[in-house]
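Let me give you the structure first, and then I'll get to my questions.
Each chain carries a letter (A, B, C, D, E, F, G and H) given by its place in the written order, and its residues are counted from 1.
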Amino acid sequence: MRELLEALAAGELSPEAVESRLRGYVTSEAGRLDTARTQRAGVPEAILATRKTAAEVSTLVDTSLEGTGRAIVTRADPTVTAAVEQQYAEDPEISVNVDDRAQTVVVRESSFESPDLDATVGLVTAGTSDAMPAGEAATILREMGATVERIDDIGVASLDRTLDQVPLLREQDILIVAAGREGALPTVLAGLVDVPIIGLPISTGYGHGGEGRAALSGMLQSCTALSVVNIDAGFTAGVQAGLIARQFDKIRE
Amino acid sequence: MRELLEALAAGELSPEAVESRLRGYVTSEAGRLDTARTQRAGVPEAILATRKTAAEVSTLVDTSLEGTGRAIVTRADPTVTAAVEQQYAEDPEISVNVDDRAQTVVVRESSFESPDLDATVGLVTAGTSDAMPAGEAATILREMGATVERIDDIGVASLDRTLDQVPLLREQDILIVAAGREGALPTVLAGLVDVPIIGLPISTGYGHGGEGRAALSGMLQSCTALSVVNIDAGFTAGVQAGLIARQFDKIRE
Amino acid sequence: MRELLEALAAGELSPEAVESRLRGYVTSEAGRLDTARTQRAGVPEAILATRKTAAEVSTLVDTSLEGTGRAIVTRADPTVTAAVEQQYAEDPEISVNVDDRAQTVVVRESSFESPDLDATVGLVTAGTSDAMPAGEAATILREMGATVERIDDIGVASLDRTLDQVPLLREQDILIVAAGREGALPTVLAGLVDVPIIGLPISTGYGHGGEGRAALSGMLQSCTALSVVNIDAGFTAGVQAGLIARQFDKIRE
Amino acid sequence: MRELLEALAAGELSPEAVESRLRGYVTSEAGRLDTARTQRAGVPEAILATRKTAAEVSTLVDTSLEGTGRAIVTRADPTVTAAVEQQYAEDPEISVNVDDRAQTVVVRESSFESPDLDATVGLVTAGTSDAMPAGEAATILREMGATVERIDDIGVASLDRTLDQVPLLREQDILIVAAGREGALPTVLAGLVDVPIIGLPISTGYGHGGEGRAALSGMLQSCTALSVVNIDAGFTAGVQAGLIARQFDKIRE
Amino acid sequence: MRELLEALAAGELSPEAVESRLRGYVTSEAGRLDTARTQRAGVPEAILATRKTAAEVSTLVDTSLEGTGRAIVTRADPTVTAAVEQQYAEDPEISVNVDDRAQTVVVRESSFESPDLDATVGLVTAGTSDAMPAGEAATILREMGATVERIDDIGVASLDRTLDQVPLLREQDILIVAAGREGALPTVLAGLVDVPIIGLPISTGYGHGGEGRAALSGMLQSCTALSVVNIDAGFTAGVQAGLIARQFDKIRE
Amino acid sequence: MRELLEALAAGELSPEAVESRLRGYVTSEAGRLDTARTQRAGVPEAILATRKTAAEVSTLVDTSLEGTGRAIVTRADPTVTAAVEQQYAEDPEISVNVDDRAQTVVVRESSFESPDLDATVGLVTAGTSDAMPAGEAATILREMGATVERIDDIGVASLDRTLDQVPLLREQDILIVAAGREGALPTVLAGLVDVPIIGLPISTGYGHGGEGRAALSGMLQSCTALSVVNIDAGFTAGVQAGLIARQFDKIRE
Amino acid sequence: MRELLEALAAGELSPEAVESRLRGYVTSEAGRLDTARTQRAGVPEAILATRKTAAEVSTLVDTSLEGTGRAIVTRADPTVTAAVEQQYAEDPEISVNVDDRAQTVVVRESSFESPDLDATVGLVTAGTSDAMPAGEAATILREMGATVERIDDIGVASLDRTLDQVPLLREQDILIVAAGREGALPTVLAGLVDVPIIGLPISTGYGHGGEGRAALSGMLQSCTALSVVNIDAGFTAGVQAGLIARQFDKIRE
Amino acid sequence: MRELLEALAAGELSPEAVESRLRGYVTSEAGRLDTARTQRAGVPEAILATRKTAAEVSTLVDTSLEGTGRAIVTRADPTVTAAVEQQYAEDPEISVNVDDRAQTVVVRESSFESPDLDATVGLVTAGTSDAMPAGEAATILREMGATVERIDDIGVASLDRTLDQVPLLREQDILIVAAGREGALPTVLAGLVDVPIIGLPISTGYGHGGEGRAALSGMLQSCTALSVVNIDAGFTAGVQAGLIARQFDKIRE
């Protein structure tokens, strides 16, 4: 660090240049860097609606719009969704996209330029109970610019359906595989394809190992090689796959 | 009960007949009934060697031989096995069969007549780490008189191997399917065959869900219909399958 | 596989025959096989109403009726039940059977031929809190064609009542024994009869080991030989017993 | 308190009398009161040998002998036992009683007067794996002066043996019932007799609910009314039963 | 058993006498024996209102009144309580006693003779959150005939209050000590008095060890000698203390 | 103790002096000492509104006001808050301060003299979900007289914001650091400053480790040196920091 | 499938072509496909030495060498390592590479051609206790052909060391970040760089959350976006990163 | 940050001054800052010997000596201790202090100047099983310069001993209170004194809540206000108390 500062003192480097190099570490104006990071990384900030009132979410949506031209809300129940929709109902410059099953709301200014990555993420689900977390993953992936290929309704209890999809699965850059109950689907698929798989355990099931606990521990114990996110953490799975998709996109450019 | 007793008092029934009917409930001589139940049910008593000294096991083997002409030891480590073998090394009337991988020892008098059931139990394993519990199941099944068909080395990570065995699996009267780690094999098989399956979780794996916990909870959460025994409880799985095999045998007679 | 295909190429086998043999493995039309499996195995698909709206359940009932002539709904609350009843109220070709305590609804077209198995399953409960899971088991067993013998209100705290039922218990082909709290009933019965027992833990009890946890772990630890299903998994217990009953039926034919 | 002190200041009460009344609360000389409490309550202090060296135990035995004329060691492994035996081998005034299965050692000076209570505690076990905790309970009960009636080898899997002992069980003042695995025995007995029962879970069993966990949770969930001690806490069960026995003895005097 | 039956056959014993001796084991008329046991043991059956509708509870109350002249309901919420009160509002022969804080309802016919035991149970609580389980214990103890001495509002955080009550605590035959949060009160009291203590953990507290889990495990780990019942199991604690009180009463007679 | 009493008997000490020395231990009038302790220690008693009705809380507020001139309510929902506000709405001598986000209500008589400590506690939060527990800590700290420095909205995901606050953090006497989810913030800060830190885990997050469990276990496992309170236990953290602040204040005086 | 078979029967397709298309699903010769998959996917099979004897491992090494020209052993203790080294000590065509800290052994025939991927995986550790799992990841990554950049000894308690490495971290294609205790490092790094991170929890720490449990749950709860493998599952993390590296390599070609 | 850099560019600040201000955040030379922090904070680095070989520990001791003139080893078993003692046996400039019960080793160069704080930490234990963690706390406290007042052998089962120590406890600046089993001691003391208490749970006890789990959860649930460290985390408790002691010392200066 001393060298940098001495170079600055000696006039060899401009304050901007030194700041730029030091900023890898820190900044004194927090808000600005976060925005910078968002644009640089393509990872949009999202507003988790859980335990927030509709009014609190609306305020945060407004702030996010001002800062980045877009706001993403997850775990939005109908009350929150209605509040956000109403907030911008009269504003022709603002579009509001609601995905009820995913419980996500995306608000964009008309000037917002969506990113576009040259990468495809396969999103595999076993049934309707995976809808919310899988939809959350799809929403964030699309907002990060990845192409999302949905491959729904394949489960290990009807193995032939699963096997029919193997060629399509092999074409993806990366796979997110959602599964509840015993969570065996990612393990079975990982034995069939060589595409990396992120396991997404779903909070289905009751009794011992219920609420997704068996699915999570099964994926962590898989005799194949999976990486895993938390139960119902569709947003996390989506961002993780999106970050990998960005790496693919960088290389392809 | 009063009716029975009054019939006896009235001389309409003999004491023996009344005792026989009441004995369905209870008996005053505990040991005798146990022997009776063993012969009637074909479920041999077994000696769990865990936490017992070689001397204690040897004594129990002796007692069992005297009572029933046979003794079965499970979870026998090499010390226990050697002690039992030495105990009867000189006796031409006694045979000792050791299964090292199953950790079982079966001792029989030459006069002992083994039962023979007209029923086949398929015993499926994924690999060598299932050897002890699966072997335990095989030993007790054979001692109960069932035919055991071993189907080894099939696992969900190599699904084609699994699928190749489907026709053989369909020929069994009932299946015991052992699986460690994430325990997905019984679920996958139950989607492919209509033979009832008893899941046997194996204590493999480390970290979260390790020691068979993920396998147990995965089988209990299976999206197909399994019944399950405890982790490594090969003996229990074997007896349960053996009892069902006995029902098959009764019908076939 | 190559041999099969070469025999087909050589005209030694017809495409139908080859397809038939290969179909043991896979099919390209997922839906068709599932229906086939259902008819072949006698295991009806069921619709778990938990976390589904009444509208979603109604749609699934319609689909199931079209595909198989029957639909079975489990965990149906009064709203769901009313919706399904209303859906077919005007249709003389459709019958709707509701079991409130079992929380099941069975819908049948008049043309549907129910299966009929020559096998009896004893269904043992300790009290009214076992009503839902036990009823679930009874419904699915009846839909699979088994005869269900209900043996209610016997519990270990009144052992004489239990003992009175031993002769009846011995007449069953297989037993499902429901028990909550400490779950001791299946263990006690397994010491008295030689009929195989599937333990069904019930989610009663509060505090440590409550919600069926003590019952599940007690059955898994039983000093007798039980196989077990998850807490409240009456449907699973019923299907498992039904599959075994089908084996009995096949032999008896 | 002020009244007491003013009465003392006024000479209405002697210092001894005031001290006696205040001593119900506290004392400034800790050691003395403990000894007093031990003699008054008949609850001997015991030395838990777990995690102590043989030398540390020997020192504590010496201290206890000096203070009370007796020392009780629990969880004594052979090394500790041998050390204590050797320590007093030459001393004719000291007797050392070792119970190998209970892992207890009791050392007494010849002048020590053992207490003697007019009360009987029934101590029920299911098998040899209960030997250590049950023996621990027996040792401390005898040292507290109670009569111990051992009722061994009755288990729920052989219910007739259990039922045969009911008359003997009914004669006891109080029962300690040890049980491992699923721990059903105390529940079954509590439905048959009206003697209060203290359940003592034993650390047998493996897998889910193993090491006594199923037994503990089963006893806490019992549909009859038990009180319970911790897994393998034979000493605690013994002291608790001994305190109740002392109450019986007080009344009988 | 044979001897008994032969004596009956020989006319040496009457059927009634033989039945009486055999009935220690079993009976063919379950209902009758339960009533017998209730009267003999003084342990009233109770109706747990949890998960039952007001109508179901009312029916059970009626049945219990007919069989024994009394009905006890626990965990009765206001709806259940109102239903039971209304049921007998017009009947001058029936009294209904409601304890709102204990959530118990006791219904008695005017002809019912309450038992009366010569024994006192001290019931210690730390605060208002212990009201329900402690009240449950008090209700059942009174119905069993014991005298209940309530000692409320003493907790370890105000140790002087606790110490003030020591003389009163020492006068009790047996103590039930309720405690939530960390559950230290029974341990502290057991170091101060020689009366046997039954620990009753209360489901207070949040976060790690909340809902009574810390209290339960703390009582099981107590460095003094307690026996314990499950979290909030006031009924169980009351019956257990009542059974011990009956033993005291028997001796005192 | 004897010496004290003899000195009193001898007139060498007054009853008051003896009482004063003995009172370090106990008192016969519980209520008085508690008040004394509160004033001496500066730790106000607080009323936890959880599981209490508004009426019960109001009564306790009244009692506390009478005893100490102040009442503090925590976990007050809007119903409780409204009840307390209404209770004193007409009384000019009583002020009621409500903090909605902290869910605390403080009621003071105009004559109440608030304590004032010369010590500053830094209270660090990561976001809005920490509002309730952090607010609870702030309320009790202010009532104990400490100066509270709020440092909000710094989290490990935006490390530069965190680093910006380091100089301010270093100026505090002690820090309370709230954190939910993975709870890494206190660990990161403890590596940056040498002020002692009390970690306050917050019940955010879902799935495995949710509800604050990961945060608690992470703080207990921290590779830096933290002390920790229970999940959401803002009150406890506040009192603990307040007690330390009082020590600082004593020295500074 | 029918169309394929009919085209074959009609001579429009060769058996080889049809087999090739069907083989996407299944194969009748299990072993061959596994080898094929290994070569195609670049994921080498590995031999987990845990619970295997040195002799068993040696046999498996031999089999693996014959099939693929290479064998990889993980969790090899010194005995296993020595046995494998001795096995090939005399064979000039075989090289044996041992990594003691990683507990891995790699055996290669001289003819074996190692894969080479154009991709770099950053492998971050906090200290020496991460050596085994991190080494395991490094070994498998190198065998899959990826370049491994080790970045050791950075931990959250010395944040400046961590920050110094940020530029290097940003150059990696993907990161594996190992962390024990509270496992905060991957969370902190994910807030600083936009490279996707796989969290690898390490089994350090004792007490609550010890053995890696806090690290695992902390990573699953991370407020940034991580994917995670099981505790100490270095092999899994390595394979997962290797599969992603292969995707990078494919694109770069 | 820009302002600082522009001031430097403008020659208004020297590079050293700017570096100094920026260094509050970060540094590019990790090692140096750590040493700085150690000296500034008085928190010595310690070497945890668990899972390290004697050779590894010896190397780390050497490194630490070179860097700071002192090395502290915790959890040192006899082998490690002997290795370190032997390493410096011949060196007159090096002193080695071993505390066997604490399992700590402190090595100092003769030139090392120990810190000295004007603050006293009371360290309370209940018995010999607390020796290791309490000793660990004592060692690190002394190395940080605090005065340690040991108050041993007071436990809640002998409350009078506890009460006798209250005056001494009140004289301490801060208390660490170790307790195993049910861990009630810190709760009882916190009700008696107004000195802040850090609870240190000890891994004693077996069965449910054993290994310190009951103690930890009891302290977290305490109805008084404690802060807590992990089970057996004597080192953490010591450092935390030491940091608070440093604050006291700073004020007193």
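The criterion applied here is as follows: a residue touches a chain if its C-beta (ideal position, glycine included) is under 8 Å from a C-beta of that chain, and two chains touch if they have at least 3 such contacts.
Predicted model only: the values in this text are computed from it and were never measured.
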Neighbouring chains common to subunit D and subunit F, by label: E, H
Given subunit B and subunit G, the chains that contact each of them: A, C
Contact-pair overlap exceeding half with D-F, pair selected from B-G, D-E or A-H: A-H
Chain at maximum distance from subunit E, centres defined as averaged CA atoms: G
Copies subunit F and subunit G touch via same or different residues, half shared test: same
Equivalent-chain rotation between subunit F and subunit C, CA atoms, steps of 5 degrees: 180
Higher-contact pair (C-beta pairs counted), A-H versus A-B: A-B
Length of the line joining the C-alpha centres of subunit C and subunit E, rounded to whole Å: 39
Distance from the mean Cα position of subunit H to that of subunit E, given in whole angstrom: 49
Cα-centroid distance, subunit B relative to subunit C, in whole angstrom: 25
Of all residues in subunit D, the ones touching two or more other chains: 25-28, 158-159, 163, 207-210, 213, 216, 220-222, 230, 233
Those chain pairs that satisfy the touch definition: A-B, A-C, A-F, A-G, A-H, B-C, B-D, B-E, B-G, C-D, C-E, C-G, D-E, D-F, D-H, E-F, E-H, F-G, F-H, G-H
Partner subunit A, residues of subunit B touching it in the complex: 126, 155-159, 181-184, 187-188, 190-192, 205, 207-210, 213-224
Of all residues in subunit C, those that touch subunit B in their complex: 24-26, 37, 40-43, 163, 166-167, 173-174, 194-196, 198, 216, 220-222, 225-230, 233, 235-237, 239-240, 243-244, 246-248, 251-252
Interface residues, subunit G side, partner subunit C - complex: 1-2, 5-6, 8-9, 11, 14-15, 18-19, 22-23, 25-28
Residues of subunit G that touch subunit H when the two form their complex: 128-129, 158-161, 163-164, 204, 206-210
Subunit C-touching residues of subunit E, taken from the complex the two chains share: 25-28, 30, 33-34, 50-52, 56, 201, 203, 212-213, 216, 230-233
